[in-house]
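Presented sequentially are two complexes of subunit A, the first with subunit B as partner and the second with subunit C.
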Partner chain A sequence: MTAATARETVGTDPMVPRLFRVVHTRRDTRDTHTLVLEPTDGVPLPFRPGQFTMLHSFGVGEVPISISGDPAHPEVLEHTIRNVGAVTASLVAAQPGTILGVRGPFGTGWEVGDGKGGDVVFVAGGIGLAPLRPAILEVIAQRSRYGRVVLLYGSRTPEDLLYADDLRAWARDGGVRVETTVDNGPPGWTGRVGFVTDLVPRAGFNPVTAFAHICGPEVMMRAVATALRDRGVSGTRLRLSMERNMKCGIGLCGHCQLRELFVCVDGPVFDHDRIGPLLSKWEL
Partner chain B sequence: MQTIEELLRAHPFFDDFDPATVALLAGCATSVRFAPGEVIFREAEPADAFYVLQSGRVALQVHHPAGGALVTSTVEHDEVLGWSWLVPPYRWTADAVAVAETNAVRFAAGCLRGTCADDPAVGYVFLRKIAQVLAHRLASANRRLLDLYGGGDRP
Partner chain C sequence: MTDVRVFGSDGLDATIAVLRRRGYDVFGPTLRDDVVTYGPIESVADLPVGRGDEQSPARYRSRARGDGALFGYAAPVQSAKAQFLPSDELLWTSRPGDAASGPVIERQAAERRPVAFVGLRSCDLAAVLQQDRILTQRAHADVAYAGRRAGAFLIAVTCSDPADTCFCASLGTGPSPGEGADVSLTEIVGDGPHRFVATPGSPRGTELLDAVGAGPASDEDVAAAHRVERRAVTRMGRELRTDDLVGVLYASTESPHWDAVAERCLACTNCTLVCPTCFCTTITDAGDLTGGAAERRRVWASCFTKDYSYIHGGSVRTSTQARYRQWITHKLATWQVQFGSVGCVGCGRCITWCPAGIDLTAEVATLRAGDTALKSSRAAGPRPSPRED
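Here is the complex of A and B:
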């Protein structure tokens, strides 16, 4: 093996992180921040909406985080991260200039293009809007190829709604019907209060042509999937993104195993037909 | 301008009622409009009405011991407001405040109760529909109680 091919092999080894520099950070909510990263070697990282990377905070650890940026701009890598523990705390604290390790992108995508010609329904709960954002941007970029496009989004409180500017822009210029709801409303709140499933009956889509993409906590996804299937959306047109603890991200270690499935390579995005039976058994 | 009977027939709550029953029930109803901020009813007051919403949004609020009102759910077009008129002690269990300009059909509770008592078949359909609304609201409230999106106490 020549030195050049050896370097190439190292460069493409899925277990070896590439180095990315944080170029911009944004506080989205009180516990959630978006990091914009650029590769230190200048080589873009193309990805499919729905895929994730293993994001490494040196000296702390590595966690799976979905890519939340625009697939049309692979020269920047965006991640929206909620602070729930040691690694995510260190990631959300990263400042411009910080170097992080990135492996991936890994896993299956939403493949929203399968739904061209029909309606598209996105349903997000909490941080679940982050993995859907690239898919929404992909649909908006080719808006005329789709029928009605609806985003149903539930969060804990109005302050926890992610991407407020995007939500406004998608509704105003992107041809997306955006419906939001919160679990409870503070005094003076004039928006909607209720669970995200409450939005399904009034979403206005054709269940026969629609593809639905759901992301959020499993209990929420199960409830939404049931509501959509009751409306007539078939299990092969209904996709959801699963989360399990991960270590390797490439189907070697078994950490993410869900029965016969490895969430890191068979997922994270699955058809409801495939994952639905496991959802109900493993949910709680 | 649509008659009350037409408004009711176009509303999903009345899908399961036959036209003659809708015509009968329309006799208990009037059209109403609420401005944003207008109080429709208050907790503990006698529940003397049932509302079928045509447009707008109404917030159901409870008072927080620490002060201020917490919005526990909202009701919109194609939905109905108020079930306390149907069961003793006929008192509202929350405040209802219009948060947008709201058009509705208001039924007088006494008239509705009388119609349901006179014709148990109508009463049964009404009860079944209200039970459906309540079951849906309970499921929604239970799921929200789980605090699925979590993290309220995080910095």
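Here is the complex of A and C:
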């Protein structure tokens, strides 16, 4: 018996990124940019709305970013990124032609199709609209299969509202009732001022048939989930997307644990029945 | 009939020599800075001959045993984790390619010599099998770890001299090695001639024992090995009851006891670094000054650092209370939900190497008592009257 030399296979290692080229960039708000990427090898990256990738700026670092593009077009990969640290600063500064690394897609999706036949309520806070955008596009693509579709969207200021063109198009052509509100309205703002939870009572959906999908800061999601459950939406028809520190994206590094859950593989999208009780615990 | 062999220390020397000749990097217990730790060995002379140890909360002392035992001590400071999941590992490097194809990523260390262990503790064997399950048998596999484990040869040893900090017997992970070893040894000292009773655990284990000419063990050899095991069981300083741990720790989420632990815990990360099952890692990316070449490394991480749970805007677990709770809850409770077993093998390292001497078996006992007190007060005490609107 002679010991075989250990060999490793690069192609199957989920820690090695694929290469994507930035083909288009768009500045959405003062701190948020959208990157449109294409794979350098031309092989599309199919994904389920709600999934994320580990997006890598070479020599700087890697962060989990939800996919914000259209699931019907996996040949392009779209990411909306807020500049909140060293890696995201490098990503939002990426110019067309820049090569980035991509691992994924990882995690669970919204699975909006579970709500076919009923109403659909999307509730977004700030950049939380980005992970919901693929789900909204999926619903609009099969609009006749759903009842009423509502998007309740809150941001800090009117300048922080994302995807203004989309919001208009979804309301005009997509059959989506879009309601926005801001925490702070500057002089001249004629829209609503207040928390996104205030929009829930007048959103006009049937809580028994509705499926709700929430994404935003954790404190906002807790409040919205409570408001929706108070209206009669059950915890198994209410989903939210969690954010935690992630280093591997594949359940091996440990960082994203929330009690027994690995947010990267068990989530990021969870039923409220499962995740709700954990959100009320201090520093869990 | 069970195949049981016996050989002397010359047979053990031959075993090491055969493994080395076959291309293995052989690791075994060694004495370094007066502490037993697994390191490279070339012969039995590299083992801590005649050394024993004393371990208690926040205390480790090496001692002379006064005999020629090769494995007469409890858990070495580090387990086999350092060999299979290194504390710092280069995952890949990248260098600028042409504009069309972008950076060229190169995986490092595509070829390396396989590792053999001689004298792996039973607790450490159990921990290796846990890490195998966690890192290679779930949805995504750790390719680098799997590569190192695939070729490894494991010779485990019955723990004859457990420490005051040991509790493997209560967890079923020792003192004798369970499944997973290619060969399991029991060292017999001071009970007839100095010898090793060896049981093969795999075809290649049998083949190795044949290759070194290990003859059949006598009934007396087998009986002597059983005596070593039985004596070790009675000499463990601690125990951990595991049947109720999920309930106890989940019920303790908001226990005031975390404040008491945090008054002692320094959040120094020693416990996670010496724990043979702790598998958390982090990724570090670095580029050269021109932004051309880059590399990605994976290093051990600890849930005791504030950085561990950082997301933009701050950390999820800012307090030591929350971080200790996370560690012990994961180790003993959520680990069971995630991986089907308790994440502790009873090696006692976290007790020995905690500078504050925090003892997880004692913390569990306190939390269990608190949980029981809480439940009985709920059962006996007045119920809050239902709210009337």
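By our rule, the second predicted complex is superposed on the first by the 269 of 284 C-alpha atoms of A that agree within 3 Å, B and C clash if a C-alpha of one lies under 4 Å from a C-alpha of the other, contacts with A are read in each partner's own complex, and residues count from 1 in each chain.
Assume a contact is a pair of C-beta atoms (placed from the backbone, for glycine too) under 8 Å apart; a residue touches a chain by one contact, two chains touch by 3 or more.
In this text the structure is predicted, and so the values were computed from the model without any measurement.
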Which partner chains sit in contact with A:164 here, subunit B, subunit C, both or neither? Use first/second/both/neither. neither
Name the contact category of A:84: first (subunit B only), second (subunit C only), both, or neither. both
Which partner, subunit B or subunit C, touches more subunit A residues: C
First (subunit B), second (subunit C), both or neither touched by A:155: first
Applying the touch criterion given at the start, work out whether A:21 contacts subunit B, subunit C, both or neither, answering first, second, both or neither. second
If we overlay the two complexes on their shared chain A, which of subunit B and subunit C does A:208 touch? Say first, second, both or neither. neither
Between subunit B (first) and subunit C (second), which, if any, makes contact with A:43: first, second, both or neither? neither
Under the contact rule defined above, give the subunit A residues that sit at the interface with subunit B and also at the interface with subunit C. 84
Subunit A contacts subunit B in the complex at 30-31, 82-84, 125-127, 154-157, 160, 183-187, 189-195, 197-198, 202, 216-217, 219-220, 223
Touching residues (chain side subunit A, partner subunit C) in the complex: 1-10, 12-17, 19, 21, 40, 56, 58-62, 84-85, 88, 97, 99, 101, 243-245, 247-248, 250-255, 257, 259-260, 262, 265, 281-284
Under the stated contact criterion, what part of subunit B meets subunit A in this complex? 36, 57, 59, 68-74, 76, 78, 99-100, 136, 139-140, 143-144, 146-152, 154-155
Residue numbers of subunit C touching subunit A in their complex, please. 22-24, 91-92, 94, 99-103, 105, 107, 109-114, 134-135, 138-144, 147-148, 150-151, 153, 204, 207-208, 253-254, 279-283, 285-288, 291-294, 296, 298, 301, 303, 308-313, 316-319, 321-322, 326, 329-330, 333-334, 337-338
